[in-house]
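Below is one structure, written out as structure tokens, with a few remarks after it.
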Amino acid sequence: MTTPTFSLLHVEFLAWAALWTLGLSAIAFIGGGLLGFGVMLARIGPSNILRRAASTYIQIVQGTPLLILLFLIYYGIAIFAGPGFPAILAAGAGLTIYASGFLAEIWRGCIEAVPKTQWEAAECLALTRWQRMTRVILPQALRIATPPTVGFLVQIVKNTSLASVIGFIELAQAGKLINNSIFEPFTVFMVVAAFYFAICFPLSMWSRKLERKLNVAGR
Amino acid sequence: MTYTFDFSALLPYWPDFLWGAVLTLQLSAVATVAGFIVGTLCAIGRADGSPVVKAIVAAYVEVIRNTPLLVQVFIIYFGIATLGIRVSANLAAMIALTVNVGAYTCEIVRAGLQSIHRSQVEAAECLGLSKPQIYWHVIVRPAIERVYPSLTSQYVLLMLASSITSQISAEELTAVANRIQSGTFRAFETYIVVGIIYLVLSFVMRGAFSAFAQAAFTRRRKLGTTL
Amino acid sequence: MSPVVKLNNVHKYFGALKVLEGVSFEVERGGVAAVIGQSGSGKSTALRCINALETIEDGTIEVCGHAVGDPKLDRRALRRDVGIVFQSYNLFPHLTVEQNIMLAPTCVKSIGKSEARELARDVLAQVGLSEKAQQYPEQLSGGQQQRVAIARSLAMQPKLMLFDEVTSALDPQLTGEVLKVMEDLARGGMTMILVTHEMAFARKVASQVIYMHKGQVWETGPGSMLDAPKTPELANFVGSGL
Amino acid sequence: MSPVVKLNNVHKYFGALKVLEGVSFEVERGGVAAVIGQSGSGKSTALRCINALETIEDGTIEVCGHAVGDPKLDRRALRRDVGIVFQSYNLFPHLTVEQNIMLAPTCVKSIGKSEARELARDVLAQVGLSEKAQQYPEQLSGGQQQRVAIARSLAMQPKLMLFDEVTSALDPQLTGEVLKVMEDLARGGMTMILVTHEMAFARKVASQVIYMHKGQVWETGPGSMLDAPKTPELANFVGSGL
Amino acid sequence: DTLADIQQRGKIRIAVDLGSPPFGMTDAQMQPTGSDIESARLVAEALGVELELVQVTGPNRVPALLTGQADIVMASFSVNAERKKVIDFTDAYGVIQIVVAAGSGAGANATKPEDLNGVQVGTTRGSTNDLEATAKLPGAQLTRYDDDATLVTALVSGQVDVMASSPQIMTAVNQRRAADPLTVKIVLKTNPYAIGLRKGEDALKAKLNAVIAENLKNGKLSEIYNRYTGVPLPAILPKT
């Protein structure tokens, strides 16, 4: 049996896996965004219980390694929701929870960065709580929130690599598989790293550009 | 649901959990200290170094921040061996974590350095302080104090991320969990327990960091405000 | 004719700090009350209590028929009747001047867009800023922003207007512009309570001056009371303030 | 007796902007020079050139025997001889008042801690702030902060002190405190150059007034020259400035 | 009843470990291959249902069963007493030895477990190899990787020089480690491996046993085993 060496075929295989990485990132970002928004609303809302619950949720999510979270979801889903759950859903659910915990906290910070006087002014115009939120606060918070949100997207893309431990074939797992067959760890993982870099670096740059723009505009 | 929970099966393993947690803390402690030094030096280099130094630091920071830790761990562990240097998994894990957190520290500290106003440096220059003295007394120390909360969060995240090094045989908490669950076949329970241990560790770590801040930053202790 | 605003023995604490200690005063319909006093004497707090931005510990406040201290108070109904303008303008930076003004009428009174725009034109004309409708707040000077803030409140056609040191962030020229608008309002019969440091303006416009000191109404009377203070505190305040 | 400071035909450009265009003046040992002039006339820049915070394009500057324009200049030696105090205090916020003052003596002169503390006590007494040694800058009023900044410079026992509009961020009362300290210094024989807008103070304290205009020394002479300006620019400046 | 479920949905979910060459791995086209994968095809064919491969790693094999991720596990799944407490096994369809192999460095002269005291020995976390090595090599310094592939990589790159694993792994290593090939020093155990399934699935177990017996008899299983590991199956497989 001859051992193959690293070839274009492998690059192609990695490229397909990279699509899965992107897909998983998209699931995590969209799911995490929706869930995170809800958690954030609860976190700053009027209900004491909801506020505490949201805060506990955030602390647990931020205080547990994603790896453990993924294991828990992977086995937990199977236990509670029955078998046959594809790995992508487990991975997607794990990353969604992870992203929601962080996004909720990031966005809370952005909303609280809108001066308190804006809330008051809106209140004094007799707007309802919902109107205050949607018409006055959110449009302003959105501007502040964009750079850190894009920045966090990079974290999500990178952290999808952990889905490999529950058998989901994305970029990192693909790298491991290729390495199984050709045993050139250095080459393989360098190429894998290059793939991640190609995805993440533009996002990082974009986030920085947004941040600079905001700083200039905010001055 | 056909699954019955049984946490008692894990009881005999408490020393393993304990040692796993100890190694996790050791890894994080070493990487925190080393990463802090590396990151701070890099931040200074990036702010004030020659163009070559600046470019090297920038490349280091961007490459690390835009690739997953998992891949970095593999490259360092196997890459170093391919070069003919054999390091233990724990050492490789420490190096990988240091390299990783060093890049993040660099970014955070750099923001702190930039927040020190030029006039502070001028004032120190006018008092006749030498460049290293200015850096130490007027730039780095207040800068660190300012970004201390961000650093704390980063190092707690590092501790959590160290779970990845189980992949290269470092016997830290997650590795222990994987081993115990395959011995007891109580996967879900094991990961719940380990998740709780990580939570506790992160609280402990935050506590330690704020205790350190209380001791190190006298101004904060006295006035209760941040710089 | 019952008073539009009636404070009776109002107490307000921030933790251990007693900010208002038994404040009582009334303002008649069409009256203009100028609240003066040293920094920290509780002027802003009194105004904020009137608009239910702060809760009170003791006493009663009645505003346009609303019992403000009542836990069952309908805050939104209260705020339809009361307009407030702050020192720091608090315009919404992401909306144009016109949108700033139209927001509350369309949201709260469910007025149609075109009618609201009409309304915005009117109040903008009233504060002399018709040509700025499409600008964003940051494109305006401080005095112009403050006048927009006034217009925004006016658009809700409140029965009572509260002004909290609306000119103290402005230079003398811009101050003049804003004071003129307020004078016009007073002449138009609007009931107003204004916290101000402009003694000259208080003297000229106010039907009633309320001097606050240490969380209490220390002295109250017509504008002329400033020229003949009864208490040494007011004498001192007027002497140093000008 | 040679002058402590001697500027000769100094030129300084920021890119295309010519900020100093041939500035020459001298200050004798024990002299107090007040630099006055409109905003943008180059006063701060001249001061910064004297202390080698800016490089110059042409001309020579000699300060306490150091050739400032010389590329081989030992900046740290120069700065042991020259103290400078800025409008914005520039105290180190993370250090107490005492630590602010002790920093340079211990770092630069390698004086022992206890001796440095002694020194700090002395200079603090000199500016009348003995009881504030353990406070942090933010706990002090502007005038107190400015006096600490002066004390910090004094602790290095400089031969020459530069002051750049040290009172212009202060209200009149605080200004008075700081001016008093400067007067004491002048009486004590310290050589000083001060950029100031306080004409009365310049008149009273300065042995020499330097009026700068458009990057040049337009007029110079004793304090009394302010009462009888020779150039229309100075006449205009004095007339409007007061 | 899993057998009924399988037949009803017309598809069987078999857990395999692609990180365990030559039993489970990927070929040059990155398709799953290996003796276990071939055997799994055989099983699906015999049951007349479609095959769905579920990827697991060594430590995940039991949880994958217990939590229902897969119907059965075919992943060089050695039979041992601990596992039997929680899951069931069919009859064996292959054997796997647990050996200690070493190159010319540390452990080169080992003939008995004590010779390995203080020596770094690589193995796969949570595998039978791990359990066996932990029990029989108390003095050795065990280094546990998450899967066989990482173990192989570690041996090839020289991170460790001694392994406690199967001869098949050793073969895979030696293909890449020509300079200092590993040789077997100690045989720790010869283990049968079998199909793992949840307890109480007697119908499924009987059916699978029949499939195994038939394919042992017609030589198909032996042929597959031989094709991937380079040696034929023993004539008689140990009882499970």
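We just call them A, B, C, D and E in the order they show up, numbering each chain from 1.
Just so we're on the same page, a contact is a pair of C-beta atoms (placed from the backbone, for glycine too) under 8 Å apart; a residue touches a chain by one contact, two chains touch by 3 or more.
All values reported here derive from a predicted model rather than from experimental measurement.
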Any chain that touches chain D and chain B: none
Common touching chains of chain E and chain B: A
Please state which pair of chains has more C-beta contact pairs than any other pair. A-B
Going by the average position of its CA atoms, which chain sits the greatest distance from chain A? D
Most distant chain from chain C by Cα centroid: E
Whole-Å distance, C-alpha centre of chain C to that of chain E, is 81
Using Cα averages as centroids, what's the distance between chain D and chain E in whole Å? 83
Find the geometric centre of each of chain C and chain D from their Cα atoms only, then give the gap between the two centres in Å, rounded to an integer. 47
Hey, how far is the Cα centre of chain A from the one of chain D, in Å? 55
Touching two or more other chains in chain A are residues 75, 79, 165, 185
Could you say which residues in chain B touch two or more other chains, in rising order? 3, 78, 82, 166-167, 187-188
Taking the top-of-page definition of touch, could you list the pairs of chains it picks out? A-B, A-C, A-E, B-D, B-E
Touch list for chain A against partner chain C, complex: 115, 117-118, 120-128, 131, 135-136, 139-140, 143
In the complex of these two chains, what residues of chain B are touching chain E? 2-3, 77-78, 81-82, 84, 86, 89, 166-169, 171, 175, 178-179, 181-183, 185, 187-188
Residue ranges of chain B touching chain D (in the complex, touch as defined): 119-120, 122-130, 133, 137-138, 141-142, 145, 217, 219, 222-223, 225, 227
Which of the residues in chain D end up touching chain B in this complex? 51, 53, 75-76, 79-80, 82-84, 86, 88, 90-96, 103-104, 107-108, 136, 138-139, 152-153, 156
Taking the complex as given, what residues does chain E use to touch chain A? 13, 18-19, 21, 25-30, 54-57, 60, 63, 67-70, 146-147, 149-150, 152-153, 156-157, 175-176
